[in-house]
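Consider the two complexes below, in which chain A is the common component and chain B and chain C are the respective partners.
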Partner chain A sequence: MSIPSQDLTLDAAIQPAQALRFGRVRRAGRLTNVYWVLFAIFVFVAIFAPLIVPYDPVKANVAERLLAPSWHHLFGTDSNGMDVFSRVLSATRTDFSVAIGGVAISVLLGAPLGAISGYTGGLFGEALSRVAEMLQSIPIFLFALMVLAALGNSKALLVGMIAFVTTPVFLKLTRSVVLPLRSRDFIASARCAGLRPGAIMARHVLPNALGPIASQLSISCAYAIQIVAGLSFLGLGVKIPEPEWGSMIQQGSEYVLFGQWWVSVFPGVAVLLAVITFGGLGRQLSAWYEH
Partner chain B sequence: MSILEGSVGLTRHRHLGILEGSVGRWSLYVARRLAGAVAGMFGVVLVVFVVTHVLGDPTRLVLGPRASPQQVAQMSHQLGYDRPIVSQFLTYLGQLLRGNLGVSQYTQQPVLHDILHFFPATLELSLAGLLLGLLWTLPLGILSAVRPGGIVDRVSQVIVDFGVAMPSFWLGILLILLFFHVLGIAPAPVGELDIGAVAPARVTGMTVVDCLIAGDFSLFLSALAHLALPAITLAITACPPILQLTRNTMISALRSDYVRNARSMGLPERTTRWYALKNAMIPISTMTAMTFGYLLGGTVLVEEVFSWPGIGLYAVQSIERFDYAPVLGVVLLASAVYVVVYLLADLFAMALDPRVREGV
Partner chain C sequence: MSTEPHTTSVTEMSDLAERPLLEIADLRVEGIKNGRTVPLLRGIELVIGEGMRVGIVGESGSGKSMTASAIIGLLPPGVRAVSGSIQLRGRQLHALSEPEMRRLRGSELAVVSQNAMGALNPLVPVGAQIARVCRAHTQVSRAEARDRAVAMLDSLGIPNAAERARDYPHQFSGGMAQRVAIAMALICDPSLLIADEPTTGLDATIQAQVLEVISDSVRSREAALLLISHDLAVVSAMCDVVAVVYAGEVLEVGPAEDVLRDPLSPYTQGLIRCLKPATDEIPFIPGRIPEPGSFGEQCPFAERCPRVSERCRHERPRLRELRHHHWVACHNA
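Then we have the complex of A and B:
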């Protein structure tokens, strides 16, 4: 999941808006539709899970502990007798809302800061970029444990952690797009026309960064889902029995030793699919704006 | 990226005529990078301090969540947390500089002592994971670059996509399921050695190495077997970026003028590929170092799955015991290690680049 680097040369100022149509994306690669279909399914499940799950995802049933997958329980049951299929579907909402929420915050913070850093340039811009680099040297999972110790355990902690990890990414990305634009003619002419820096930024600078940001948004969501699952695996953020993929994997891990694999394996497949979906969308978006 | 920034900085100084000769340029670069690393570390300490002392309550970190208000007030005064925040920060910084990371409530040992005890296991696991990772990513990356879009390239792209997308802890669990439960060829995931096995005399702290030093060959094999699955997990999930970078830098190196030139002069493909690889090695080695730095602070999930007694598991278990000083120490140490590894990688890359070395 490498971060698009400085070689982002795009010129949305000249590019017609029609290029943004989805039709071109589909032609960019053969598997293109698959990601959009998967994405649509995930969103559908995240919204309508309570209506489509066959069992209550948080209802324990001692009589049905650790049942293997069958027609009654498609993905089996966990150590509390809860239906794994229902829990995997219901967890989509938890994981997606935390991941997307955290990434949304980081775009709202990182993109303007990056634009300021790139547009003003100079020492201040450089300093912002250095701070972003410094934050990226902090190991996220250990840091999250520390934050949990200092501030207590809550789902807000998860959202905050996602924002913490991804804000520097958006800052540096936006900066790298904006920096080379400073000396371009259309910016100079906007300046000559008497536009204020804020207006130039909003109307002429930031739109250029939308393509890379959109692509990075999707890739960051993929990354965020992995982090949410990882942090919950360590017992952070989500309280059992609330369905969440990472905590479900944790819950089932001790039974894997005895061959009761379904409790851990199915939520992991969900994480894998979600990450691949967001990653694939991100790649397509970047192929599309580079056209 | 900082390699690029560094060399841009160098050109700028050359234009200003400040420096002549490579030695001065080199030391200037080293000084700049060192200053950057120190500033970065200071920033990390500041972030940790703000989270624990400004946003959170530091007495809670010492006493745990079950302390009474009187205890908290008393401790707060005793530790000086009723003083102005700036003076608290200076005290904290002073303690860190003297290597004082606090005392673990559980082990009753200084945190630094504990961390040094657990760190070699993390180092061993990270090194093994990275080594295995290089063994598959470098050859596949090079082969992919020889024929972009070919069968090797496509297959390795799929492997990369899955490797990156898989949660490492989940892959670890799958490997345990397959190799321990189904095939029965891997040992149980209980750490570095079987439960009840007598650990070799501690020399390096890395069990595999210590077994060799002790000359116990069967114990060495057992330690290797315990290391295998967690290391494979890391090799698959953390190393794909190395493959991706190897492929991309090799492709552009193979398309470069000097390779075309060499080819047109009739040099065999083997030789031209070797030329390309030598040039691609610089970014690849930086990437490898970054992966290593990431692993040293990022193995916590895999350590948890395999009960691997490294600093990650130490931090997780400390949290479970409401023992918070170790967690802060581990965060600071892992960040410091990352900064140092990255610094060394940068300097190493500069040293590899003859344009810099000879001050061209």
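Then we have the complex of A and C:
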């Protein structure tokens, strides 16, 4: 208490509440760091996996099938004798590039469209928004199954799939942020000052939408990773033997019953950690801009 | 409603100004209310000369701000100008394309709005916001624009202008924020500054300061000022010419001192009585301003007028020059 208080009872009454508040702040701060550290580790692994993995992630070795975790094979080996540790690390790049790639495309498409939809308003903006809602109502897994089954498995298609699902999210989000901004006085005064619509959009409208977009970006990445892993689990998207968490879980699932849990569990933990990291970062970012 | 033009021609009223800058003639603006078009401005007549200071006084809803919006060509959605003309140095503004109009806004016609804090983007340092307007209209380098912004802030009485330019709007008090907004409006040396209730929401002491800043800066730049206010006292102290508007019409125009000393319209007389109460009782004008579209071809003030006659209810009075340079729209003045 920096303010000397004459009223001791009041002082005492305030203290617990404040202690609680500081405690929460500190806890929140520590959590933030955990998420950022995890994120940094994931990015590091995604970039440098080929340099740090102990074994070739796609080299089969029939002599070393389904070995339990040991110092030799930290996460054990799978039914093809491939090193699970090397595969989990290498899969980070696959999963992250597909998920982040898809989300990046969707934000580059969805945010400007949403800004236009919200800023111009009118029938065109309304129409864009309705189209986005229509797309959002399509069940993603069913749709992805159809598309990937019809057009074949490819990573590019998977990226497109993710972009397809998340673009409407960014469109709606940006529209919802921009719509109330339109009637703000500083937008009116920018128009009175003769700034071009493009300049107003880039300098006055979009910067105000950056906070919500950043947080949604992270949350969408978490969602995208689930989609990548989920579709690959179903045998769509990334082709075996390219290391990918979902397909590894699927591949190991038949051995879990026989006690050979490591083939599925380690990639499963990786998916879980990735989703928690992105989800946590997203919530931190939204708490930060709403503060 | 008849579309017959006003009997007063702009040329006649332009005697008020030696070199007319902005001439508004028979400006009619309509809006849509409950699916019905209603007249919002019913033939505004006004002339602003170069370097002249003109005030528009009126109650809320009288069309003061709508007139300003019409001048800069940014009427709210659903509202449109149906007839009349606005000329800037002889150029018809409504004949200009949107890009041409945009080049005029901020450079020739500048606006200071009522809510300065709201008029500034909370995410951008104020200096950068002013420099941006400068760069939108003039070919100057970033550094040059920034220097001009700082110089402008300094000239408007913001201490430590160079440092304050890096501050964000929330770090400014209301009065200081209004100075920033004025700096943003004046950065391109406009010929006309439109100040729409620039002191609303400010403390009385700050109000006087801000008005003085506007008055001084307009004078030193030889820019014309269109001051919009509901406060007759402020307008007559700041302006050379006063126009009293009511329900979208100009009821009286004249040199500020003449209007204040010898008001011709019963409405203006009522306003002045409210300004200087003779007794302990607070005077007021009974009734309220009519809703747009609720009255036809008549004097809009007829229902509240102490001098109303039968003619007022059937025939709309036109502006006529009753005294030298002093017009009034009243049958019984």
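As a working rule, the second predicted complex is superposed on the first by the 261 of 291 C-alpha atoms of A that agree within 3 Å, B and C clash if a C-alpha of one lies under 4 Å from a C-alpha of the other, contacts with A are read in each partner's own complex, and residues count from 1 in each chain.
Just so it is clear, a residue touches a chain if its C-beta (ideal position, glycine included) is under 8 Å from a C-beta of that chain, and two chains touch if they have at least 3 such contacts.
The model shown is predicted, which means the values in this text are computed figures rather than measured ones.
Superposition model on chain A: chain B and chain C are shown accommodated side by side without a clash.
Contacts of A:51 after superposition: neither chain B nor chain C is touched.
In the superposed model, A:63 makes contact with neither chain B nor chain C. In the superposition on chain A, A:195 makes contact with chain C only, while chain B stays out of contact range. Applying the stated contact rule after C-alpha superposition, one finds that A:230 touches chain B and leaves chain C untouched.
Counting residues of chain A touched by each partner, chain B versus chain C, the larger count belongs to B. Contacts of A:185 after superposition: chain C is touched, whereas chain B is not reached. In the superposition on chain A, contact of A:203 is made with chain C only, not with chain B. Once chain A of one complex is fitted onto chain A of the other, the partner contacts of A:268 are limited to chain B, with no touch recorded for chain C. Of the two partner chains placed by the overlay, only chain B lies in contact with A:147; chain C stays clear of it. Of all Cα pairs spanning chain B and chain C in the superposition, the closest are 6 Å apart. Put simply, chain A touches chain C in their complex at residues 184-186, 188-196, 199, 203-204, 207-208.
On the side of chain C, the complex with chain A involves touching residues 72, 74, 102-107, 110-111, 113, 115, 118-124, 132-133, 136-137, 181, 184-185.
Residues of chain B that touch chain A in their complex: 1-2, 4, 36, 39-40, 43-44, 47-48, 51-52, 55-58, 60-61, 65, 161-162, 164-170, 173-174, 176-177, 180-182, 188-189, 241, 244-245, 293-294, 296-298, 300-301, 304-305, 312, 315-316, 319-320, 324, 327-328, 330-331, 334-335, 338-339, 342.
Taken together, the chain A residues at the contact with chain B in this complex read 1-2, 5-6, 130-131, 133-135, 137-143, 145-152, 222, 226, 229-230, 233-235, 246, 249-250, 252-253, 256-259, 261, 264-265, 268, 271-272, 275-276, 279-280.
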